[in-house]
Structures are given as structure tokens and as C-alpha cells.
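Look for subunit A in each of the two complexes below; its partner is subunit B in the first and subunit C in the second.
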Partner chain A sequence: MIETIKQHVAGLLTEKKIAGFLGLIEKNGHVAPHLFKDGESLAGFTLGDRKTAGDARYPLNKTLVTLSRAYPEETFGVLVRGCDERGLYGLFRLNQLTEDRVIPVGFSCPAELSEACECRKPYPDSLVAGEKTESSQLKKVAEMDGKDLARRFDFWTAQFVKCVKCYGCRDVCPMCFCKECSLECEDLVAKGDLPVEVPVFHLTRAMHMADRCVDCGLCDEACPSDIPLRLLYKKTAQIMDTDYGFTSGLNKNERSPLSQMGPAK
Partner chain B sequence: MLDFTGIEKERLRARWVSSAEAPEFVEEVNAFIDTLKELGPSPLKAAVEAKKEEQKEAPA
Partner chain C sequence: MEYKTTLTTCTYCGCGCNFYLETLDGKLTNTIPCKTSPVNEGKLCIKGWNVHQFVQNDRRLKKPLLRKGGELVEVEWEEALAYTADRLKAVTAEKGGDAVGFLASAKVTNEENYLLQKFARAAIGTNNVDHCARL
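Moving on to the complex of A and B:
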């Protein structure tokens, strides 16, 4: 799989279709984002699979937004999994990236990863390598829904008080780009106090991610307090899907019901 | 989302009331107050305090 992708990327670079390819490199025992340029060897090029599939991922789209702002005339290639591509579609919709300045190079995730993530779309449309893996069902949300109110309350308050307000969940999120963040608004979140306002802090973020979150799970991985953030946002996504038939980034060019005025269609 | 995190969803209410509809507003607020009285005080504050204590006692 990786060889096919490398060849594809090398082709894009030598044909000058892209100014650079934003991918991952393994260097000195670490995996990190890297911009591969023409003439540079693709040694160290990695998909972010170390011990297990997808265990060294990065929010490459976030770097891509920064790159595109600095070089608006250039076209870049970017490595994508299914969720990353959903992120690209979302960022096109939200005017953070221009579609014809981005060439996604996609690969699919293995079935085990799809299942562990309970992923809606474990493969990108721009599939360069791999097969279309089956999507998986939401199980953990249903499990939580099955508990009674008091148990849910107990579970979530115990989780939320663990928060150390490091903002890692927001900072790693490829779909968070606002210059002014509600989580830094002192009327909502008092400065310096711990624990954070329960459940205001986490539910504010959940609401703001309702039509953005692409379920990449990076926030969940980044959280030093192991708060199951992804489960929370999976619920918001489920509500968006059942009530509005919308899932962030699932279909290209689909507008969010939250940014439309007028009666529901 | 409140419901998902174990808080009675009746504790939050959103209604559109025009500034020309004072009686509707009063009625709405009164009804909400009744609902809240029925629900009683929120367990949130006490629960957060209790969980904080628990965590102090058992450092991870």
C-alpha cells in the first residue's frame, strides 16, 4: 500500500502538479508531519502506522490550513484517511481551504481500526491505495443511552471534573480554527478555576462541533485526562443525523443545516 | 446533549417570544419556574464537589 502511495506522490511532485506534499515522516524514532518537496527523497515516508494501524496520526489538515494561508497561490498534496477527507470537505464548506488548491492522496483504514473507531467512512473518495473498508455501527452511544439518567449523570460528571483545561482537545482538532474561541470567553469559562464549569465547558465544545466534527478521534487521543470526548461528539453527530440528515464532511458540497435560515425542508 | 450527560432536559428551555408578547413571556417563565420547582435543586454542584474530593483522595 505504502509503495503505491509513494509512487503516486513522486509523480505529483515531478509533474509539478503540487508545490509540496504534506505527509508524515519517521525520523529519529518519531513520526511527525512533513512537507515533501520535489527532488527530495521519500525516505522515511510513513502512513502513521507504527505498532498498530493509525497509532501515529496528526491533524495534517490543520497544518494545511496554515500553509495555504501563507501560500494562497500554491497547490498542495495531502495524505488523507477517510476522516481526514471528510475534514477537507468540511474545511472547503467553511471557506478555510480552496478545493482546487488541494490534491488529497487517500488510503483506507483496516477493518479493525474502522471497528475500533466505529467509523462511518473508513475510506476516502480519493482512494489511491487500499480497498473500501466497511463502515461500522455506533455501539458505545447506544450503550450509554441504555443507562438510566442517574448513571449517565454520575459517569459524565466524574469525567468532566477530571479536565485540566489544557485546551488540547481544541488545539489538536483539525476542525477548530476560530480566531476567537468561546471556551476562552470569561462569561462561559472562568479563568484559572478548576474544575471547569461542569458541564458547560464540554457541552459548549460539543455544540460548536455539531456540524463540524468529523470523528477523527484526535481530541480523545490527546486528552491527558482520558475523557471520552469522542463519545460525546458521536452523540451530537447522531442527533444531527437523525434530526437534520446531516453528517459533517460525509458528502462533498453539502451545506450545514445550522448555517441555513428558514423553515426546515 | 443534556439528557445524554444525565441532566434532566426539562432544566433547559428555549422559546421564541417577540418583544411585543409580554403576556406570553410571563406565562412561559412562570411555567418554567413551576417545572423547576417540581424538579428541585440541581444535583450538579454537590456532585462536582463530591467527585473533586474523591479524586483528591485517590490520585491517579
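Moving on to the complex of A and C:
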């Protein structure tokens, strides 16, 4: 799989279709985000699978936004899994990236990762290597829904209170780009106070991610307190889907029901 | 266009979390926790996440400050060290070693911390040694 991708990337670079390819490199014994340039060796090129599939994923789209802001005339290539591509579609919709300035190079995730992520679309449309892996069911959300309200409330309260307010969930999130973040708005979240106000902090973020979160799970992996953030956002996404028929990043050019005026269709 | 990620260790506390400092054309743009680091496994505290912000900040102290006539002014290291040595000598001569204390740092090496406590105990004669990482 990786050889096919490398060849494809090498082609894009030599044909000067892109100014650089944002991917991952194995260096110093670690996996790091890297911008590959024309003429550079693709020797360390990696997909971010170390001990297990997808265990060294990085928010490349976040870096892509930084690069595109600095070089708006350039076109960049970027390595994408299904969730990364959903992120791209979301960032096009939210005017953070320009579609014709991005060339995604996609590959699919293996079935075990799809299951671990409970992923709805574990492959991108721009599939360069791999097969379309099957999507997985939302088991954990269903399990949680099976509990009564009081138990769910206790569960989430016990989770939220563990928060150390590192803001890592926001900082790692490829879909968080606001200049003024609500989680720093003093009327909602008191500055310097710990523990955070439960559940305001986490529900504010969940609400703000409702039409943005592309379910990549990076926040969950970055949380030092092991709060199951992804589960929370999956539930929010499920509500968006059942009530509005919308899933962030699933289809290109889809508009968010939260930014449309008038009655729902 | 030069985009780089530099693997390094957090300077804030003794945990030693690893992260990438992201730079674009020589300017720091972001901190990304290293997912493969056995120390922090892709997680950071709030200070670590913002570590890139102080390095190129205008308000960062780059020279020692000495209070002169009630105002803090920038001085050269030579002057700052000479002043500190003079005052240490004067205070300890008058009131003994326990009249001063030493604040070590989690941001320096083990060896430097060793030296500081040795200096405090052997040269000045006090056990008043503490550090910034008493978390």
C-alpha cells in the first residue's frame, strides 16, 4: 500500500502539481508531520502505523491550514484517511481551505481500526491505495443509551470532573480554528479555576463541534485524563444525523443545518 | 517555504514530555505532542501546549534585570553576577548562611541542580534549597 502512495506522491511532486506534500515521516525513532518537497527522498515516508494501525496519527489538516494561510497561491498535497478527508470537506465548507488548492492522497484503514474507531467511513473518496473498508456500528453510543438517565448523568459527571483543563482537546482538533474560543470566554468558563465547571466546559465544546466534528478521535487520544470525548461527540453527531440528516464532512459541498435560516427541510 | 518539525523536550517541568515544535520559515507556529513518546504518549498539560508562545514573544526576558533606583533595568551577565556575589557575601557575613535561600529549577539539568544545592550547602552553608517544580 505504502509503495503505491509513495509513487503517487513522487509523481505529484515531479510534475510540479503541488508545492509540497504534507505527510508523515519516521525520524529520530518517532513519527512526525513532514512537508515533502520535490527532489527530496521519500525514504522515511510512513502512514502513521506503528505498533497498531493508526496509532501515530497527527492533525495534518491543522498544519495544512497554517501552510495555506501563509501561501494562499500554492497547492499542497496531503495524506488522508477517511476522517482526514471528512475534515478537508468540513474545512472547505467553513472557508478555511480552498478546494482547488488541496490534493488529497488517500488510503483506507484496516477493518480492526474501523471497528476500534466505530468509523462510519473508514476510507476517503480520494482513495489512492487500499480497498473500501466496511463501516462499523456505533456500539458504545448504543451501550450508553441503554443506561437510564441517572446512571448516564453520574457517568459523565465523574468523567468531566477529571478534566485538568489543558485545552488539549481543542488544540489538537483539526476542526478547531476560531480566533476567539468560547472555552476562553469568561462568562462561560472562569479563567484559572479548577476543577472546570461541570458540565458547562465539555458541553460547550460538544455543542460547538456538533456540525464540525469529523470523528477523527484525536481529542480522545490527546486527553491526559482519559475522558471519552469521542463518545460524547459521537452522540452529538448521532443527534445531528437523526434530527437533521447531517454528518460533518461525510459529503462534499453539504451545508450545515446549523448555519441555515428557515425551517428544516 | 521551509516547514519543519523539531522533536524536543518540554522545558517547563521535570516530567520531560516530548513534542514537536512546528516552524514555518523560521517562525514557531505550533506545539504538537509526540504520539510515540513513551513519556507523554501524545498528551501535554496546558503549559506544554503553549510552549511555542514564549520563545519568540517580545516580552520574553533575554537579559538579567537589576533594580536600580526602584526600576528594573537590563544589565549584562557580568554585572548581574558580580552584584549577586557581593550581596551574597555581605548578607551571609552579617547574618549567616541561613539568611539566604536558593531556588533551583526543573528547567535545568540534573547536574546543574546538583551544583546549585552543593553551592548552597558547602559554600554558603544553608539547607534552604527549594525548586519551582514543587507541584
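The rule is short, and it goes like this: the second predicted complex is superposed on the first by the 265 of 265 C-alpha atoms of A that agree within 3 Å, B and C clash if a C-alpha of one lies under 4 Å from a C-alpha of the other, contacts with A are read in each partner's own complex, and residues count from 1 in each chain.
The working rule: a residue touches a chain if its C-beta (ideal position, glycine included) is under 8 Å from a C-beta of that chain, and two chains touch if they have at least 3 such contacts.
Because the structure is a prediction, the values reported are computed rather than measured.
Participant: Clash or fit: how do subunit B and subunit C relate after the overlay on subunit A?
Facilitator: fit
Participant: Using the touch definition from the top, say if A:101 reaches subunit B (first), subunit C (second), both or neither.
Facilitator: After superposing on A, A:101 lies clear of both subunit B and subunit C.
Participant: Classify the contacts of A:34 with the two partner chains as first (subunit B alone), second (subunit C alone), both, or neither.
Facilitator: In the superposition, A:34 touches subunit C alone.
Participant: Looking at the overlay, what does A:222 touch: subunit B (first), subunit C (second), both, or neither?
Facilitator: After superposing on A, A:222 lies in contact with subunit C but is clear of subunit B.
Participant: A:20 in the overlay: touching subunit B, subunit C, both, or neither? Say first, second, both or neither.
Facilitator: second
Participant: Once chain A of both complexes is superposed, is A:67 in touch with subunit B (first), subunit C (second), both, or neither?
Facilitator: After superposition on chain A, A:67 lies in contact with subunit C alone.
Participant: What is the value, to the nearest 10 degrees, of the angle subtended at the Cα centroid of subunit A by the Cα centroids of subunit B and subunit C?
Facilitator: Placing subunit A at the corner, the angle measures out to 90 degrees.
Participant: State whether A:167 touches subunit B only (first), subunit C only (second), both chains, or neither.
Facilitator: second
Participant: On subunit A, which partner touches more residues: subunit B or subunit C?
Facilitator: C
Participant: Tell me, in angstrom, the smallest C-alpha to C-alpha distance between subunit B and subunit C in the overlaid model?
Facilitator: Nearest C-alpha pair, subunit B versus subunit C: 14 Å apart.
Participant: Which subunit A residues come up in both lists, the one for subunit B and the one for subunit C?
Facilitator: No residue of subunit A touches both subunit B and subunit C.
Participant: Residues of subunit C touching subunit A in their complex?
Facilitator: 1, 3, 5, 7, 18, 20, 22, 24-25, 29-30, 32-37, 42-46, 49
Participant: Taking the touch rule as given, give the residues of subunit B at its contact with subunit A in the complex, in rising order.
Facilitator: Subunit B reaches subunit A through residues 1-8, 43-44, 47-48, 51-52, 54-55.
Participant: In the complex formed with subunit B, which residues of subunit A make contact?
Facilitator: On the subunit A side, the touching residues are 144-145, 149-158, 161-162, 195, 198-199, 203, 206-207, 232, 235-236, 239.
Participant: Show which residues of subunit A lie in contact with subunit C when the two form their complex.
Facilitator: 19-20, 27-35, 50, 55-59, 62-63, 66-67, 70-71, 74, 164-168, 171-172, 221-224
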